[in-house]
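Please find the structures below.
Shared between the two complexes below is chain A, which pairs with chain B and chain C, respectively.
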Partner chain A sequence: MPGISAFRFNLRVALIALIFVLLLLPPLLNALPASHPLRVSDFVVAVTGKWICYAILALSIDLAWGYAGILSLGHGAFFALGGYAMGMHLMRNIGNRGVYGHPVLPDFMVFLGYKELPWYWLGFEYFPFAMLMALLVPGALAGLVGWLAFRSRITGVYLSIITQAMTYALMLAFFRNDMGFGGNNGFTDFKDLLGVPLNTPSARAGLYLAALGALLITLLISAYTVQSKFGRLLIAIRDAESRVRFLGYDVTAFKLFVFVLSAMMAGLAGALYVPIVGIINPGEFSPGNSIEAVVWVAFGGRGTLIGAILGAFSVNALKTWLTSFAPDLWLLVLGGLFIIVTLFLPRGLIGLGWRRRS
Partner chain B sequence: MKNLILTLLLVLGLAPMCLAQDDFSGTALRLGGGFGEQAEAVEKLGLSGDPRALPLLQALADGKLTRMADGALLIGEADALTGAPANAAGASAVRINNRVRAALRIALGRLQIVSPDPAERLRAADGILRSRSAQDLPLLDAALARETVPRIRERLVLAQGAARLASDDEALKRAGIESLGASGFEAARTVLLEARAGNAALAEAIDAAVARIDRQLAFRRAGELLFQGLSLGSVLLLAALGLAVTFGVMGVINMAHGEFVMLGAYTTFLVQEALRGTPLAPWALPLAVPTAFLVTALLGAAMERGLIRHLYGRPLETLLMTFGVGMVLQQAVRLIFGAQNREVSSPAWMQGTLMLPGEISVTQNRLWIIVFGIAVLLLVMAAIRFTRFGLDMRAVVQNRRIAATMGIRTGRVDALTFAFGSGIAGMAGVALSQIDNVSPNLGTGYIVDSFMVVVFGGVGSLAGTLIGALTLGVVNKLLEPYAGVVLAKVAVLVGIMLFIQRRPKGLFALKGRAADQ
Partner chain C sequence: MKKGASLYLDGITVTFDGFRALNNLSLIVEPGELRAVIGPNGAGKTTMMDVITGKTKPDSGTARFGDHDLTRLDETRIANLGIGRKFQKPTMFDALTVFENLELALKAPRGTLAALHWRLSGEARDRIEEVMAETGLMDRAKDRAGILSHGQRQWLEIGMLLMQDPELLLVDEPVAGMTDQETEHTAELLRRIAGKHSVVVVEHDLEFVRALGRKVTVLHEGSVLSEGPIEQVQEDPRVIDVYLGR
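The block that comes next holds the complex of A and B.
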């Protein structure tokens, strides 16, 4: 690939550094006294923290789609599963402070007449276990779906539709009350995490910095992955899958690995997202969410990693700004974004900058 | 002596007939008598179930019955019994007291069973069913012999069975159990189980009858389930047929397909509103079919020429772009028409339910949609097989470059094919407007299912689409009673994913060169 010169690589690193420095600002400015002109509100911190989680999700999609050509329309499901794992931990943390005051069962279970905790809730009172599940459950699901799909060489739009059906099915399932995940309402009214009440400034700052750290780590992992020999192979698979197969590589295993890795990143994003926004419900599984995340990546520029992050921030900033004064227009704009990006910006925002230079 | 016996026999044989004849007039004439006599006559007429008694008693209740000095009864200027014109001069109103009024109320309630108005008959049958008295049996027998409306017959059979069970005669009770058991109605089950407590001796017969009803109910339920499955299948077929053309034949993935279906439904709404109050109003729905086809086909052609054409060979980009188009269409409709549901009414000939043999009830509109789905399928098949456009289309699909060399304008064929598929989606929207809420997100619910149908049936095969749609519909409905609506859907989705493992190209895989594309 002749495009990666030292200059551009450094420019990219500089861009990444700039983004992270900018992202450090909200919690720092939030810590200023309330009267200070530069102080930002709690809302800004929460919203930016949410966008950081979205950026991790976008990164995970870019890894699978931009590099390996796996367009998953169901990454929202992995995100939501990670979120549910964290939500279960937070629900267990409520303890007897719920409305019904039951020492073990969350409110919705008391309400639905559960006598004891379902077996799949066991262990979620431990934070490390919940975090592990937030990674393993999406990973296992991706492993199963990916294995079934890749070994029968389901590619392209077929894979997209199957992943969309997957998240759709999960949404329907999680809407059911008897699944033991709170049905329609999901989980909310969280109290604390690791002993820190969630509504304190320190918890907000801590969650924000944790998300930012996770973004940095996932970015480094992704960058390392795509720049290794393995990453080159992924690109080769994306561009000519059969040829790579005929050269003797085990394409199925490569794709499966990157798909599972990507799903675990999405699960991590979901796990960080839930304590920041304070709620998780089956709506997170809706196919629309997944495809919206895909458009972040497409808008920022796929196959560049940094583009996914930029895309997640810019599209969500646009969404927050637009929905505040013209909510009706947002879906028109989002739909228009899909059309403009695919027709006129095939390489996204990043591609725009590169083209000008070359 | 012989003659005498013959005469006697003759008289005895004829007596009941004459008596029946005379019985009515005799009883009726007693309506003009004293209050005690009146009440008796009213009760007797009520139990007779004779249709002639109804206007008579009604007139008495309304105070319109008059009496001549010679005892003849008149209603207005006509004889109350024969209806012949009569001179009403000197007639005085027949008066009644409270006791007669009470008897009249009961008798009229019973007699409504012979009313010409079906709604009134239904109400009367319900009343008799509630009273459960053996006294009503002759009335019910007479009414059953005349009744033709299935819904009323059902109540009458129930009432008859219940009345028989309420009698003191063991044989009659058994006959009641027998007839209730044979009826196969769910309500008959309740009547039988109620009677079981009071009739220990008959418990065995009652249990057998209940079991018989249960068998019939199970059979009927299975039949209805099958029909619902076929109905869902035909809806899926309609929604998926357009996709089978655009995705299956052209290979263009159109995520806005569901929105085209939605636009078809809104076109139906607009046609209905435009024709409201005109003589064409009852024909709004049939007229909406070609209109919806044209509207969505034009939109499809515009979309193909303006947008999709630029993305040929890049399916993932096409997917995202068309998803965006769908989003814009959906939001635009929401802004124009509002988010609430729009009312599209069904023409009279599509309303109501129909009884199939075996007492399987089916709703008419669902039946019409099955017919419509099959008709559209045949139309599409014929268009592809027998028309010039279909020939061009097949040629372009098989080998675009050779087709172009032969002088086929491939760009035009692409546009037409896409327009054709979109038009079919519009027609599906007309059908869906009859059974689903016409709202901006009407299409969203069908898009995933439609893709499943196309993938399951085999891309590029219309027969596969048909089989796929019907299979998915029936399997979905068969699973629902056991797994619930949601889990049935999940199970079907999982089933399809596993199925694709075995046959990645679907049920009806294309073979040969076309399969490589």
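The block that comes next holds the complex of A and C.
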């Protein structure tokens, strides 16, 4: 029996190693001379980098949903808040190079007649502060929503609806100009990050590798969490929450812990995503984004971590390919995927390869 | 007799949509006592356990365990006071193995960080193996709980209760689905545990209650109908009328 689980463990590690080796290829092949047959375009690097950020988001959803059974349909909000924190830093980095040339205020504030920077923009000129906020703001929001919901024992579909409402409310708020976050245009026209102009090959490679490193770190943190007794308790809470209480565990604290950790991972993903795609706007809060991310996890196989990563890459690869010639079909295909997974692949793609003996 | 707290229920009334599940119920269980609770379906046996473990709050009455007012505490706090419960329908974590189920039940710090940093000590492993041997689950250690037979699930849940090492064990129908031999083994186990722990057993099986050979409380329509040794209770005309006579 230990032989089988050791084999499965090694297989899993080998698959993860393979994924990471493959993910190192785009920036390496991009560095080849333009004439080389194996060279990949900047577009491929940017798109793959974007998918890596999605994979981190998927991982965060898997931790909460696949293990603890918290089906959040609002993780896109944590992702977007992390993105906005990074966006604010990038806007401050523009300095006087904006269209209006104001030394402090971003263009949209000059346009809207702001006289000075709102207090909640203070500190975002510092990169470490912005990164900290990209983690803390989603974490604090998850802590508040989670505390209110979990202590009242709101679970299942009710919790999903609350999280969905949360992201929708934030979307409406961020669309408003007087929120001070650029309204429906959001932030764009970024110039540089940490002194490196964003439109250079080295910045592209650096952002890509930063995202890849973050994926590795979040995967290790998640793997440590789920293999510990904490992880087994999350599974116990998922399958028989009240039984865990009768064993003397504070279920609310465990759910809150994993929900906040998960939201911070989603925030990190968003912060890495924004400089890669070069824009953040309230559309990132749209409820559909959160649902789509849940489909990635379901498709890849929830409660496996690696399934979430595979799901994020495969569904997004399909989306990029399909929307290039038949964008109208995408939502139908996405819905179809969800039905196929629900009916035929309850354990997702991973379930095809990993048949647990019964 | 071990030091410990006594369970004290006085005048407990619980109403669900106008139905009185418990009606002015009073019951005292001394430290180290083994008590059997019997009664027909709907007599309020499970509701009584729900009140003691904090799942249901009574409309009126007093429920104390030692100095603690159980009506003010939630399930987690009550479990940590040392009250463990086995459910009528065996309830465990089907996706986890027998060993892992017992490990989660093992008496150890219950915090989030403690769970993150938990390392299985040799002592803890010995204790888990001891309980697996006691409950006959040694060779199923690595099987998922979901694939166990009904009788084995009963044993696993009893094992989880033993791992918690509670002062008071509430055991709801432990021998349903067990063979005669297993039933006898369970009775023997509970007799042995009592003394070190207080045990309240709810059971339909009168043979089993006889095998326990201790004080019996008969519930009927949410209150105590009769209380005493099994022989005496069996002779009580009210008990014969509502329960045994049927």
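By our rule, the second predicted complex is superposed on the first by the 350 of 358 C-alpha atoms of A that agree within 3 Å, B and C clash if a C-alpha of one lies under 4 Å from a C-alpha of the other, contacts with A are read in each partner's own complex, and residues count from 1 in each chain.
Just so it is clear, a residue touches a chain if its C-beta (ideal position, glycine included) is under 8 Å from a C-beta of that chain, and two chains touch if they have at least 3 such contacts.
If you're wondering where the values come from, they're calculated on a predicted model, not measured in any experiment.
When the two complexes are overlaid on their common chain A, residue A:Ile235 makes contact with chain C while staying clear of chain B. Once the two complexes are laid over each other on the shared chain, residue contacts for A:Thr225 go to chain C alone; chain B is not touched. Once the two complexes are overlaid on the shared chain, A:Leu343 sits against chain B while remaining clear of chain C. Look at A:Leu332: by the touch rule set out above, it reaches chain B but stays clear of chain C.
Of the two partner chains placed by the overlay, only chain C lies in contact with A:Val251; chain B stays clear of it.
Shared-chain residue A:Asn316: touches no atom of chain B or chain C. When the two complexes are laid over each other on chain A, chain A has no residue in contact with both chain B and chain C. Here chain B touches chain A in the complex through residues 253, 307, 310-311, 315-321, 323-332, 334-335, 448, 451-452, 455, 484, 486-487, 489-490, 493-494, 496-498, 500-501, 504, going by the rule given at the top. Contact residues of chain A toward chain B in the complex are 65, 71, 145, 148-149, 151-154, 156-158, 160-162, 164-166, 168-169, 172-173, 175-176, 287, 291, 294-295, 298, 328, 331-332, 334-339, 341-343, 346.
On chain C, the positions that touch chain A within their shared complex are 53, 55, 74-76, 79-80, 84-85, 87, 91-96, 100, 103-105, 110-112, 115-118, 142, 147, 160, 164. Touching chain C in their complex are the following residues of chain A: 1, 225, 228-230, 232-233, 235-236, 238-240, 242-251, 253-254, 257, 358.
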